[in-house]
Structure formats: C-alpha cells, structure tokens
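In the two complexes below, chain A is the common chain; its partner is chain B in one and chain C in the other.
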Partner chain A sequence: MPPVLSKPTEQPMETTVNTTAEGRPDFISIRDFSFFYGKKQALFDISLDIPERQVTAFIGPSGCGKSTLLRNLNRMNDLIDGIRHSGDIVVNGRSIYDPHIEVISLRKRVGMVFQKSNPFPKSIYENVVYPLRVSGQNKKSVLDETVERSLQGAALWDEVKDRLHESGLSLSGGQMQRLCIARAIANRPEILLMDEPCSALDPIATVKVEELIRELKQEFTIVIVTHNMQQATRCSDRTAFFYLGKLVEFDETPKIFSNPAQKQTEDYITGRFG
Partner chain B sequence: METPRHILTNFETALENLRKDVLMMASLAARSIDSARKGLFERDEDWCNTVIADDEEVDTLEIQIDKAGMDIMLRYHPFASDLRNVIAAMKTSVNLERAADQAVGIARRARKLILQPALPEIARIEPLFDTATNLFKDAIKAFSDGDIELARTLKLRDKGLDEQNRSFAETLADLMQKNPDSIRGYLELIFIARCLERIGDQAKSIAEDTIYAVEVKDIRHTSIPN
Partner chain C sequence: MPNTKKTLPGHATEQNRFETSKLTLLVDRFMTVFIKFGGALVITSVLGIFVFIVLQIWPLFAPPSVTPLKSIPLPDTKYALLGVDEWGAKPFLVEPDGSLLVVDYETGETQDQSLNLGITGQVTAAFLNKREQKIILGTSNGQFVFVSPNHTSRESGGRQIIDVNPTAETPSSIGDPGMPITDIAYGDSGSSKLIVALQSDGETNRVTASLFKRKRSLMGKNKEEAAGTHDLTPMIPGRPEKILVPVTGDSVVVISESGKVSYLVLADGKFELRQSFTPFGDLANSHINVANFIFGDVSIAFASDSGENRIFSLFYPEGGKERLFGITHEFPNLGASPVLLVSTLRNKAFLLGGGKELSLRYSTTESIRWQSRVPYPVSNAVISGKYQRLAVLDSSNTLHFFQIDDPHPDSGWKALFGKVWYEGAPGPKWDWQSTGGSDDFEPKYSLVPLIFGTLKGTLYAMLFAVPIALLAALYTSQFLDPRFRSTVKPTMEIMASLPSVVLGFLAAIYIAPLIERQVPSLLLVVVGVPIVAAFSGFFWSHLPIQIRKFIRPGWEWIVFLPLLFISAGILWYLGPAFESVAFVVTDPATGQKTADFRAWWPAVTGASYDQRNSLVVGFMMGFAVIPIIFTITEDALSNVPKPLITASMACGASRWQTALRVVMPTASAGIFSALMIGLGRAVGETMIVVMATGNTPIMEWNIFSGMRTLSANIAVELPEAPHHATLYRTLFLGALVLFLLTFAINTVAEVLRQHLREKFKTT
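Take a look at the complex of A and B:
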C-alpha cells in the first residue's frame, strides 16, 4: 500500500461550502450547468454536489455527456472552438469561471488521467517532475522528493525505484498508467479526474489501479468516468448516472446499484437499454 | 410500465430458467404437502411413500437453482432488481426444500399412525392443514406474481398458525391425561402439527424475500404493523 500523501499546503480562498448528509463538505458544486458544442447542447442543467475526498463515478452510455462534464471540471473543453456554457462550477467555494482564476492554476489544482496512458518520451523521473519543471521548479532536492512521493502515491515506487532514468515508455501498460497518475499528483492537486483510466489495462493492472484509487481518495477528491459498472461499484462512494446530457440520478453507489430510484437507471445498469 | 427485455438474450433466458426452476420446485413442494395430508387422512401408505420418494427431486432442484444462481452472478454480474431476484430465487429454494422436508416429516409420522388404530382426534388437525396449505400456496403466488399486498398478509397469518399449533398441543396434552393408551398417537399428531407450523414459517420467509426482491424492504425480524 502506498503511503498517504501529505495535505496540500496551499489552501485556496474559502467561502461557504455545503455539506452532504454524511457531513462531508461538498468540494465541487455543479450548479444548473449546461454546455454546448456550437449549436449542439451536450449537457442540460446539471446540478451535482461532489463531496471532498470521496470517489464519485460518472456512468452512462456513450454520448451521455459524462466525459464532457468531467472535462469541464478543469476547463479542458475551453480548448475547443465554439463551446459555451451556462450555470456554474464551484470548487471549494470558488467558481472555476471566476475571471480572476487563471486556467493554468486551475489545472494545477485539478489533475487528470486519461483513458490511454500517455507518458512522455522521457525518463520515468522526468515524466513525474514534468509539471514542476513547467512551473519553473528545478531544485534537485524538491524534484527528488516529488518523484519518490508521487511514485509511492501511485504504488509504483517499489517497481521502478532502481530504474528511474529509463524511458517511461519501457514500462508495462499498467505501470505506464500508474506513472501518469504519479505525474498527475506530482503537483499536489486537490482533485483528480480520471477518464476511463483502466479501459486499456489487463485485469491485474486494473485491480492495482482500482486499489490505488481507493487509497488516493484519502488525499484527493476523485471523479472517475467509467463504462465498467463493476468498477464503479468497487471503486466509488457515489455514482451519477447520465443519459442524453442529463443527470438522471446521483446517490450512494450501493443504492444506485441495488435499488436505483429512477427506472432509466435501473434499465441501464441491468442491461435493458435499447 | 412493462420492463424491457435485456440486451443480452442469454441473460434473459438464464433468469427465466431460474424462475421456472423455482416455480417447479414450489409446485413439487406443494404437491408433497397435499400428498402427506392424503396419506394421513386416507390412511394410505402409498401417498406417504410418494412424498418421501419425491423429496429427492426437490433436493436436486435446490442444488440446480443454487448452481444456476451462482452461474448468473458469475457470468452476468446482475445489478438492482436482477440481483435481488436471483438472491430471492436462491433463498426461496432453500425455504421450499425445507417445506418439502416438513412434508416428508408428516408422511413418516403418518405411516406410523396408519399402523395404529384410527384416532378420532385426527380431525382436530385439519384446520392446521388448511391454514398451512393456504399460507404456503399464497406465498408461492406472491413470489410468482410479485404480489406485495398478498405477501404482506402472510406474517400476520403465520402468527395465527402459531396460535393454532399452540392451542392444538394444549388440547392434545389434556387428552393424553385422559387417554394414556393413545399417547403415542397423540405425540405423532403433535409432531405433525409442528411440521405444519414450520411450513407456515417457511411461507412467511418466502413472502419476506419476495417483498425484499420487489420493494427492497427488509421486513424480517420486525413487528407486525397494525
């Protein structure tokens, strides 16, 4: 088991934060959020409160908008021409669309892991420290500490500590994905977004990443998009089901998968869609 | 609103087969209870032997249902109502097997009673047979139709059967003092009444599992609502 990482030292500006029924603060508050790719509306009035240091899974059929919403949480969709939104997304009490927030600083607070592992053609060491170097940090002691902390956090340290200067591309698929997770947490983000992080992995590598997700939630607020419902049940505390750009149901994961309130959710998770 | 069929037809077929096996087992168990009753009241050993012989088929079905349920969970990872239905089917089969065992118990005691002179007090146990049989058949109907309202009645009605059994045992205890020569026969009847009371318990459990499968309410170990 990787050690628990220390808390981020930089605390963003605090404002009023709602709490869930279990008393956990709502870390991410999505309010009446709609999103458009040009004329096509991809998300419709989504309102969702994601609690701090829990794993929240987004599920739903292809094209339901779950990845679109995920990519809005760090404003990755800003890179696409013709997009627009209405409503708001508030992280830790502050809107991510606040004109005083720089997108770059937002993305430092919100790490992301993609479906296909995408290590840079650099050494394992350089992959992990890449976000720090981009921010201008080149002090060796800081970089060394970050590499060890991040690789331990990603449950990869023991496997690569003796070959840190070998290419990241020399690792197995599962190791590469965990390297990307190490890179994503190197900058001590508050939130970790994962877009189908295990879909290209074999079952053993998948189990390792899933165990890692459960471990990482002690330190990060995690949002994961997955098509694998068994994975959602194993990894997540809460699950949101989306259909045709709308949030159909959001509840605790055991409730969603044993007794969903909405018929659409029931039909989807029991394989009766279509 | 009608539930749409699964995209995966094999999954749909497996669930249907599991349900058919449970209903087959239920009809065999109900038939055994009826046969045991006939054996007792008609003093016919053949009916009793039929019950004992049929129990093997019930046991085989119980194993088959367990295997099929496990297979469905392994292959299709059911969720929500599918998961609850598979679990309810597996739990119901256990209760059906136990009910069939009670029928075997009745048949064995009936065979012993047949060897003795007929007891006129045997008529006193007929109302217990009626109640237990009705409870059992209604439990199966509730399971088969997903009839929650019917299922809800069984808990209270089972209490009624418990009371009938207690009253019957007290009556027989009094009769034992008056007619000590018939003690052995009375003891057999008390045992049969206890088997019927247990059939009521199994019917109640089937109803509870049906309510959980349909409504996701666990009413086991709860008091009966007014």
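Take a look at the complex of A and C:
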C-alpha cells in the first residue's frame, strides 16, 4: 500500500482559491477550445471543467481528439509544426497560454504518462529523479527521498528497491510503465495526465496501474485517456465522451455509463460503434 | 458448374503449382556460391596484402648471414697490407719488397705483380686510402711511395673479369732521412693532400706531417707542390704508436703507447692540439690495440687489449664551438685481444677480430651483426667495397673468403624505434632523414618522429573539428527547424566529398599565407566568436518571452548568424591593432620595437614559426574531418527515439537539457563512432599534410611548426626510394605502423562503442 502522499508545501502558482477537501470543481477549465493541425481541425469548441483531485476519463473512438486535448493541457503539442488553437485553457485560475509563463514551468506542474512506456536509457534511480535534475535539484538527500516516495507512490518500490542502479530498461513492461508514473510524479506536479497508460500492458499489470490511479487521485488531479470502458468505470470519477473532435457528454462516471444523456454516448458505450 | 482446372501462367499442370522454378533454384544456388567465393576472395586479398607488406618489412629485422666460401693459401711472408677491389674478386697484399700479391678468387691462383718502385729499404708501413683506392707505403729508410692497384672491370663472355694493373709514383722522403717509418697515412681533400708518417728507430720517435697543395692548371693537369712540413712530435704526449688521417686530410689523430689519443687539427697552415683523451682511461690497461676510422671518417672505433670496444665521434658538445671527440657507442667485449679492426666503404659497419673471434658490428645502432669463432687465429681482414665479401687472413697466411649477406645493416628495432646517437649529433635522438648531400651521409630511419607527426596532425585537426562538428550536429538535429536540416545535411555531405588535394592546395596557396599575416586576427576570432555566441545566447534567453516569441524555435539562427559574422569580421579587422598592442618584440641589437606575431612567438616561446604549420594543417584537415563527424553524429542524434525526447520535455526539461541529458547519451555510441571515423580519416590523411606542411620530421608540439606524418612520408619518399633498399622497406614499415595505428584505434573504438551501445540501448 503506498502511503498517503503529503501535499506539496509550496506551489509554483499559488492562487487565492482555497482548496477544500473535495478540491476545486474547475481546477482545469477548458473554454471554447478549438485546435488545428495545420488545416485540419482536431478539436471543436471544447468547454470542460476538470475538478481537482479526481480522476477524469476521456473516452471516445480512435481519432476523436482525446490525446490532442490531453497533450494541450501541458502544451506538448507545441513541438508539432503548424499547430493553431483558439479558446483558452485555464489551470488553477491562470491561462496556460499566458505569455508570461514559460512552457517549461507549466510542464513541471503537469506530469505526463504516455501510452507506450518510455523510460530513459538510464538507471531506475536516474529515471525517477530526472525531473528534479532538470530543475537544478542535485542534493542527494532530496533525490533519495524523492526516489523512495515516488516509487512507493507508483507501487514499484518493493520490486526495485534493491536494484535502483540497474537500467530502467531491464524492467518488465508493467514495471516500466509504473516507473514512468513514478517519474511523472517525482516533482510533485499538480496534475497527472495519462494517455492510455494500460493499452500496452497485460491484464495483471493493468490491474496494478488502475489501483495506483485510485490511490494517486488523493494527491493529484488525474486526467486519463482510455478506450477501455471498464477501465473508465473502474477508476474514474468523471467521464468525458468525445466524438469527431467534439465533446459529446461530460458527467459523473456512473451516470455516463448507466444513464447517458446523449444517444451517441449510449451507442458508443454499448458497443454499437467505435 | 464443371470443375475447370485453372493453371497459373507458366505452369503446365495443377500439380507443379507449388514447385519452385528451376531457374530460381539455380540462381539461388549460384548466388550462394558466388557470394561465398567473393567473400573468400576479399579476405584472401586483404591477407595477401598483409603478407606482402610483412614480407617487404621482414628483411629489416632479419639477422645477416655470413657464410664461408673458399680458402686460398698464400706464400709465407709478412704482408704489410691487405686490400680488395669493390667486388671482392681480386684481393691484393703488399709484400715486404713493395710488390703486390694479387689473389684471384675464382681460380684460387696468386700472381706476384712486382713494381719497379725504386725504393731502397723494406716496406715497413702501408695505408690504403679507401676513397681513392690508393696505397701509400713507408719504408725502413724513411721513404714513401704511392701505389695504385688500378682495379678495372670488364665483361667477357657474360662474366665479369677484374683486372689489376698496378702503377707506382716516384718515391720521396719524409721526416728524418733514413729513419724507419712504422706507420703512415694520408688524406686528400682534392685541393690539398696531407701525408703523416710515424718514424721510430727504437729510441726516438717522430711524427711528421707533409702538406701538399694542388693547383689545377688551365690544361687540366694537376700540379702538386709542397706546402710545408710540420714536426708534430712535440705536441704528442708519450710514445706515438699509430696514426689516423681522415680522407679530408685536415687533421691527424695520433695514438700513444699509453692509450692517449691526440687530436691535431690543421688550421691556417698550422697544426694545433685540439683534444687529448684516453678512450679506455677507466680500465687498468688503457692501451689501444687497434683503432680505425668508421666510414665517413667522423668516428673512430677503438679496441683495447682486453677486447673492449668503444666508438668516439666528432660533434659539437652542448654549447661548444669546436668539434671534439666524445664517446657515442660502446660494444660488448670481443672475448679476445683484438688484432684487426677494418671498416667498410659503404656503411658504418666494421669488423673486429682477435684470437679466433670475428665480430661484424654496426657502430650507429650498436648492434653486433654477426659474431663467430673461426678455427684459426686471425691476423688481417678486408671487406669489399660493396659490403658483400669478406677476406680474412689467418696467422699462417691463408686467405679465407666469406659471403656477407646483410642488405640492411643500418636497420633493426633500435634504428627504427629507439633513440640513436648519430654521427655529429650531441646526443641520441629520434631522427628521420632519408637522404643527404654527401656520399658518406648516413640515412636516419626513426619512425618515431613520423608517428609523432601523425599524432600531432591528428590532434590539431580533431581539436578544431570535434567541437565544431559535434555542436553543429547537435544544433542541426535538435534545435534547427527540420526544413533547414534537409538542406544543411546534403551540403555537409558534399563538403565531405571534396578531394583532399584541393583542400591541401587551398591551404598551401591561400590559407597559409593568409594565416601567417593574420595570426592575431585569427586568435581574436577563435576566442571572440564563441564568447559572443555564448553571450548572445545568454542575453536571448533572458529576453522577455514577448520578444522571443517573434522568432520561432529553430529559426534563431536568423538572428544569430549575422551577429556572429559581423562580430567575426570586426574581430578580424581588429587583429592588426591587437597585434600592435600584444605582440611587440624589441630587437635586442637595435632596440627597435616591431609588432609582429611571427617574431613575437619565437622570441617569447623559443619555438619556431613556420608559414606552413600545424595550425594550417589542423584547420584544413579539420575541414576534411568535420563533414564526416557531422553527418554521422547528426544521424545518430536524429535517430534517438522521439518518445524519449517527448518524455524529457514532459518532465519540464528545456530543449538544451533534453539534448544534453537524453539525446547525447542515448546517441553516444553513434557519436563515438563518428569521432573514431573522423580520427581514422585524420590519421590517414595524406594530401593535405603533404601540401600544407613543410614535411619537417620534427618532434615538438608547437602549433606554429610543421610535422611529417607517416602517410605524407610515404607519399614524399616513395618516388625516391630504390627498390628493396632500406628506405623502401622502411616506408612499408611506416605503412604497417599506420595500419596498426588505425587498426588499434578502430578496435578500441569498436569495443567502447559496443559498451556504450549496451549501456544506452533504448529497447
């Protein structure tokens, strides 16, 4: 059982909004957001409020723009040529497109886990402390503490504590993905983005990661993209259903799966298409 | 519907539809054999080249063979001299009455050629001037006479016939009339002749030097006239025993009974005692048994009674103004009391003999080429001019012939790789100098300066190329907009295919003179531009994001490139001003101050300044190496999996942090290969070095002096190298060393690369 993680004492973007136990209901606020890859529009006028310290799942058929929206939350799409957007995304009261903030510091606040695990060809230890190192943190005691906390947070500590200096690539697929999760939470971000984190994992590893997600939501605001509907029901609090770049429906997960408001949603969750 | 059997085109029936066609099988089988054969052929030819090179080199290290031929008994008398022609076919001996006994090696016959010398006494001393092949005889009543054996060679029936037609000049007297001459020698420089005779009647001893000047008359006939006689006796300590006169006839070396050697030099028509030394002063018995000049007449080999053997050479001692003798080589004891020490006419070898021991030694490399115990006590010997035949006279007057097969006596490990004390040098050193001005020039074949030069050239080239190539590759692959990358790379690849002779030509004709004039400018640019770059980068990153956002990532060079060019231009034109401030030398003679880097550098560092120097080579070779390193490194960096870069960016790393911490380590194996391939290119690079340096085989790291690399050496020397001569084989050895060098580099590189690849493998 990973211990309950302590709240980060200092937040880079302290706002006046006080955080209740429930968390802010509009911690991430996406407003009329449209997105273009060159001429191709991938997202159409999305408006969506993601509550703090809850798991929000994005579901929808392939190519409907789930990953695109997710990658916009930490502006990873900036690396792509010819992109364009309209509308705004506000995190914790401040626009991520604010010209005064560096995209680098935004990414430090937002951890990300990818569909395919991508540990660096470095030791397990170095993989976990990488976000700290690039922030200029090289104090051994801090790094050691972070490694243990993050690996425990990622439910990997017991498995690797004796071989922290072996290559991260020597782990199994599920372990590698949990290593990536440990890396993503090492710098204590506020938000954790996960893009189909279990799609390349076997069922047992998937169960472990899902348990982990339920633990982590006590600490982080989690947005998870999944095409596995069981997974969404098992570990998310709220679910957003996208279709062809549009947000079709966004509600409490039990409501979406038991009593969807839209016909399209119902068709999708009952497997009539997708 | 009737079941119609469909047959595929080219197949007769349904049955053989699944059969593979005969042709496919045939081609398959043929290609298998062909590829195997081709592979074997390639391996065989590479091995063949290797074997060929090794075969070419082997004789350099092979021990010589000295094989006995025949023995010819001679009439029993006391011979004063043993000489031989160039080919060793007709040795001759001087009999007491002055007649020549000519021995025919082929037939074994001896022929007494008496000359009407007109001398009254017996021949008591004789000396053969090897360069002139002329004998001087001294008699018991103080006379001397010149005798020429006059060997001539002619062809008869496809065989070489050597004829001897001795002639004699008229005898004259020297020194004390009637006093027996016990030793005599002469030297002839062409314009003057020096005859030195040692006379002894048992009690008194006299050393007389007679000088003759030769004037060339209009008719082309030489006229000799006496130019003074000098009594050298007062200058010699103790009883003189032996006289040596170098072929140049400008000095005399007299050996006294006590083992003391006096070096008398003829200067302005007068003799002066320049040096007096005792070669075996440290031994209980310092007496010198035998001594002789080594070919070139700059070194003397001495042997003591006990068989010790040392070489003394003339050289300018450190800080000295006059050439003096100093010990340069020492050989192991002969193991017998020496009675003969004969040198050759071709190289620095000499034969030392005594008792029943014969030892063929090579003075420069201090090596014993051959040593043997013969079944007879030896008394005299001679080596043919071609260093191919040896004739040894034993104490019972039998002449024994030997075949010498020693094509590379001057070679061997020591000569090629060790420090060698060459004649005239003040100490042992590594030296390469294959050809010289005079006949008795001794080639120096140390490969060490060439290996050094190779490393030096490589070092400076890599010093210039590696930072530029690596940073350029990093920038291109990680920071530059992909649109530009697709033009930058092919451009660099075109640069890589520039023939190096063009680069060398450019270096020699344009860059070298340009750099020579503008070293301070270059220094400013080299130091200044990176500083400007660093500063502008720093400044840029601290600009508010509102300004920075006008330049898209990957387009920054649009701002920086002009900035760097302008600053480079400004710095270049500031060079002369910088020179006039920083590089001022004061002429010690006139007190005049001049601002000239070319004068400043030698004045301050003591190292020389050459126009074609390592800086030019490093620069130009860098241009040959940069594209190679760049392209391979760029490939390696671009092949780093995208997810790793994305992961790093998602962790909040900047592009530079990502490049340095993730991309570079992951691509390290590839980068390392690039560096090694660049290194290999620099090590083997020939034309740039040949053209852009003075090809001076010096051993100093000074950046403003040249070098000679192994490859350039081969290119420069091979046209001049006679087939199968030592130089020729040494060049092959240079090639092998070069090969081994690159082989070693590649092996180490491959091992390290595999290690890196294992360490940073991404899947």
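Rule of thumb we're sticking to: the second predicted complex is superposed on the first by the 260 of 274 C-alpha atoms of A that agree within 3 Å, B and C clash if a C-alpha of one lies under 4 Å from a C-alpha of the other, contacts with A are read in each partner's own complex, and residues count from 1 in each chain.
Note that in this section a residue touches a chain if its C-beta (ideal position, glycine included) is under 8 Å from a C-beta of that chain, and two chains touch if they have at least 3 such contacts.
Only a predicted model underlies this, so the values are computations on that prediction, with no experimental measurement involved.
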First, second, both or neither for A:258, with chain B first and chain C second: first
Greater residue coverage of chain A in the superposed arrangement, chain B or chain C: C
First (chain B), second (chain C), both or neither touched by A:79: second
Touching partner for A:44 - first (chain B), second (chain C), both, neither: neither
Touching partner for A:97 - first (chain B), second (chain C), both, neither: neither
Touched partner set for A:230, first chain B, second chain C, both or neither: first
Which of chain B and chain C A:270 touches, first, second, both or neither: first
Intersection of the chain A residues that touch chain B with those that touch chain C: none
Chain A-facing residues of chain C, complex: 482, 545-546, 549, 641, 643-644, 646-654, 657, 661-662, 665-666, 759-763
Residues of chain B defined as touching chain A within the complex: 1, 3-8, 11, 76-84, 216
Residues of chain A that touch chain B when the two form their complex: 229-230, 233, 257-260, 263, 265-267, 269-274
Residue numbers on chain A that touch chain C, as the complex places them: 74, 76, 79, 81, 99-100, 102, 104-105, 107-108, 111-112, 114, 116, 118-122, 130-131, 133-135, 167, 169, 180, 183-184, 187
